[in-house]
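Letters A, B, C, D, E and F mark the chains in the order given here, with residues in each chain numbered from 1 onward.
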Amino acid sequence: MLDVIQFSSFSEFLHMGGYAFNVWSVYGLFAVFIMANLFLPLRKKQQILKEQKRRLLFSEAADDAQAPAGDK
Amino acid sequence: MWLWFAKLGSPKWFYELSSKWLPWLVGAMAILLSVGVIWGLLFLPPDYQQGYSSRILIVHVAVAGTSLAFFPLMAVAGTITLVWRMKLADMVAKNAAPLGAWFSFITLATGSIWGSVSWGTWWEWTDSRLVSMLFQFFLLLGVISLRSALEDSDKAAKACALLSIVGCINVVIIKYSVEWWNTLHQPSSPVSLSPDSPNGPEFWIATGIMILAVYLFLAVSLILATRNEILVRERQAQWVQDLVRQE
Amino acid sequence: MSAAAIESAHNVPNADSSDGEVLLDIRDLFCERDDRILFQHLNFKLRAGEVLQVHGSNGSGKTTLLRIICGLNDSYQGAIYWQGTEVVEHLEDFYSALLYIGHRVGVSKVLTPVENLRWSCSLQRQRDDAAIYSALATVDLRGFEESQCFTLSAGQQQRVSLARLLLSDARLWILDEPFATLDASGVEQLEGLLSKHANSGGAVLVTTHHQLRVPKLQRLSLG
Amino acid sequence: MNPTPATSTSAAFLATLRRDFLIAYKRKHDVVNPFMFFVIVVSLFPVGISPDPVKLAEIAAGVIWIAVLLASMLSMDSLYRADFEDGSLEQLLLSPHPLYFMVLAKNISHWLVSGLPVVLISPILAYMLNLPAAAYFTLLLSLLIGTPILSLLGSIAVALTVGLGSRGLILAVITLPMSVPVLIFGTLAVQASVNTMSPAGYLALMLAMLAAAISLGPLASAAALRISVD
Amino acid sequence: MNPTPATSTSAAFLATLRRDFLIAYKRKHDVVNPFMFFVIVVSLFPVGISPDPVKLAEIAAGVIWIAVLLASMLSMDSLYRADFEDGSLEQLLLSPHPLYFMVLAKNISHWLVSGLPVVLISPILAYMLNLPAAAYFTLLLSLLIGTPILSLLGSIAVALTVGLGSRGLILAVITLPMSVPVLIFGTLAVQASVNTMSPAGYLALMLAMLAAAISLGPLASAAALRISVD
Amino acid sequence: MSAAAIESAHNVPNADSSDGEVLLDIRDLFCERDDRILFQHLNFKLRAGEVLQVHGSNGSGKTTLLRIICGLNDSYQGAIYWQGTEVVEHLEDFYSALLYIGHRVGVSKVLTPVENLRWSCSLQRQRDDAAIYSALATVDLRGFEESQCFTLSAGQQQRVSLARLLLSDARLWILDEPFATLDASGVEQLEGLLSKHANSGGAVLVTTHHQLRVPKLQRLSLG
């Protein structure tokens, strides 16, 4: 049963037997939904790492600056 | 057993373990999703009544079914937060709420789109599934709203945990009361795609694959978000700082 | 009066004066807020007959410490013992011996001082109106007994809460900046109360930026 | 200087009840406002929808129930707020008595003071909205059972948000979805009476919900208060 | 040390506007909640009254307007409360600039942040309540004109009650009766569109009310604030 | 140290030191609350270069007096002059020269210290961020510039409001118990600020129960 592709042409595929808008908007939404919830976390991770790296370097720089000033 | 439990509660342990699992989960998800979508879009025969619009259902049913998992999930995580004070449970719960709202929203949206074909209307108050899903959506938004309103993150964690537990009970009650309400209002009974309809079993196999895929997606997305949360909340920990330096 | 106040931070303040019964025993307390460690390895004992002043600069964690001990804040690690048993296990016993007055003094604005005190007494130890009136007179609120508390000045409201000290039979007092808005006579009066309570076998844990004039004062430095 | 509380829990319960009545007596607007809000909201409907008595009769039960829902929820705002702000709530939490009873006392007095008047005025508004007379008694009864449930539910939400400055809306956002079952059974009961059927089944269900709410609600509220005061 | 203010009034106006946006950005729930409240309240009506599309269509305009009224009024609660409690309001009153502009700045940012989203979502709810499609545009327009009036009116009531702890209800009790004209013209405009008549007359009237509200509202609010802070 | 502080109630405290320009002139002020007269026939002048401490027991009307002068309370009789003209007639002039910090310090809890100060400056005198950051550092809030104010302790919040003193160019400071929750170092710092302001030609009206250590201090007793 799997060997039957239901469409003979690409335009027919796009047309979805008259339900193009409904079918494609659902699959479109689904794609957006999946992508958003995978890529937003990934992008956020990059941001977090960047931000934390910046802070880390910043505080290390501050420590270095303080060390020669010599309260220890 | 207890040791394992305590260990699982450690964000570091979870971070490392999930690093190992993620590739497998993502792989399985990708395969199942593409099988489901390609099958759904290319191979699935048209429904004898609804034509190709039945292809919507694969997505709709999978997302709808999965979205019901969120309140139980959050309630369990909430109990763990309140009883064992496990930070990890709250990190999961915190990210589960918005994800659950996404799921509910997509259920509502795909359901509406399907409804516009099968019922000729985008929204129908006489269907109990619609109405109770709408209120589940509201409850999730309530949890999110409470979380953002309480500034103290520790307090917010516990408050949301409690609300999730109360809400979980409520989702069940709402579901049944709405159903009962509707049977009394004589619902306009929509066409049903039952397993023994003339469509044959393919539809249900495709749906099953989709459901599995969407569950995997839920896991992957939640784990990704939780890992971010760990990086933020544990930013002072040595291991996170080492990790940041490596990047 | 400056008792043997061991001023080093996070330390046992009263290693020498081991005469009274140990009422409160804090073991290895740790607290962190917003990634800043407020205190760690904090150990101290509070004995009957002692007044312990927690001091430290603004933001050093005094309020936080007091609230942790009262069980109003549970973001800590470590253990708190009351008369030998852990507090969380016998909360009721602890609470029936505790009197806490925080930054928010627990005085309802719409009620009168008398009505406020009636209620607070009913939670711990019933007192009759005569006792309440005389307590209010002692804290210089004669004439204000029947005014609603929102018409009182900041210091007068604090005085209402101090009247609770006179009425309660709690053994442990935990007071967070009770001197903040008091005038000179109020300060003196409260100091007298603290000494008296300590002398009669009670214990006091208090934060303030004032220089306390109380005999046998212990001090604990934070931050 | 004894370790056991010198006052009994029941005395503390009564004292708390008395105190809250006293405060309500002094802050009369807290008592009158839910009531007025209810009346005003109900009377917006003839203005906003239609003054036609037939149409009004159709929506009467629903409108009254929704207005009660809103009034009850908004009135909750005053339940722990003042106590939190002036520190009395901390004192309540530090009392040696089970918090369940203290919270229950506050819930009871609050309902008596702000819920009951709304229930009692409802028949008059039902008349104004032209509700069939047969349904008056059911309306009253359903409100009498339903509003305490709403209060107990609302109390949890209020306890969770007690530290927030303005929380009217967030309270609504949390509580309204949870109150849907009460609304459904309440209106179903009234509708049944309008259609001259027996509302007993619905009312029994609501009673069951009330029993559950009384036993669990204050526990949840108490837990929520401990979280919030932190 | 000069006696004239070193900052211009327009700079202070903009700074106040910016500050309030910043606070709204940090307290996102204050932005989202009016919106959610609106959606939830609207969806209570089908549950409480009837899911029948025909009946819903009849009440749709009224229900939406009433829900907007309630949402707008409840959202006002947050307008001056925090500022009063932390003393920023005193600072505003002691600024050397005309209070009219400071209050206007607060009103504008508040409406943009909590009123506008409610207006924008309303067509979707109108669809769910089955409002005839012809009336959508009028509904949107009437809300766009009407909600700022409601905000400006509500601001006065809020300013008058700013010292009260819980004031959700008293606010409603003061504001709702004052808002009835807005409700009437708003629903009339929508009804006119439903019956394929021109709503222009009603909308024009509402515009006139808006003009009056903008010029007088902040003055009244400013006076009310001076009274309340006392 | 300790100027000629005339301690008798309701009196002109500074009859002798008539060097500075008269900034604030209070004439025959009368105030009654709840049928109790708080003060009557109150006359005093505040000159440039002076620090005037209003003191008195709790409930004697200090806060009320300060709020009356600021125009936040109008239940009084009498007249208040600012640089020779009545305040109510030239409110704007007065307000652009006034800096008031009350019991409620005017620090928004959700905003950070920097954001709070940006706004308060914008109302009177624009300052750039560098100035704001350095003011915060001066009041010992380095490291807290970007924390929301609700996470600060009571004393730290008060310090945020003190940073306003550093940033403003107002000539008259009116401060209601600014020392209440400050620690010892904060008290010292604030005293320094007051002296400096007075020396540079400003004037300060302050209530506190502390013993202020400020040169040329004037005192006014109430109650």
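As a working rule, a residue touches a chain if its C-beta (ideal position, glycine included) is under 8 Å from a C-beta of that chain, and two chains touch if they have at least 3 such contacts.
This is a predicted model, so every value here is computed, not measured.
Of all chains in the assembly, those touching chain A and also chain D are B. The most distant chain from chain C is A, comparing centres defined as mean Cα coordinates.
Shared numbers divided by all numbers used gives the overlap of an interface; between chain D and chain E this overlap exceeds half, so the copies present the same residues.
Chain centres here are Cα means. That of chain A falls 37 Å from that of chain E. Chain centres here are Cα means. That of chain C falls 46 Å from that of chain E.
Within chain D, residues 82, 85, 170, 173, 176-177, 180, 184, 230 each touch two or more of the remaining chains. For chain C, the set of residues that touch two or more other chains comprises 75, 103.
The multi-chain contact residues of chain B, meaning those touching 2 or more other chains, are 135, 138, 141-142, 145, 149, 152, 154, 178, 181, 235.
Note for the complex: chain B touches chain F at residues 151-152.
Looking at the complex, you find that chain E touches chain F at residues 1-7, 11-12, 15-16, 19, 22-23, 26-27, 82-83, 85-88, 90-97, 229-230.
Interface residues of chain F, counted against chain B in their complex, comprise 110, 148, 150-151. Across the complex, chain B is touched by residues 1-2, 4-7, 13, 16-19, 22-23, 25-27, 29-30, 33-34, 36-38, 41-42, 44-45, 48-49, 52-53, 56 of chain A.
Every residue of chain B that touches chain E in the complex is listed here, in rising order: 121-126, 131, 134-135, 138, 141-142, 145, 148-149, 178, 181-182, 185.
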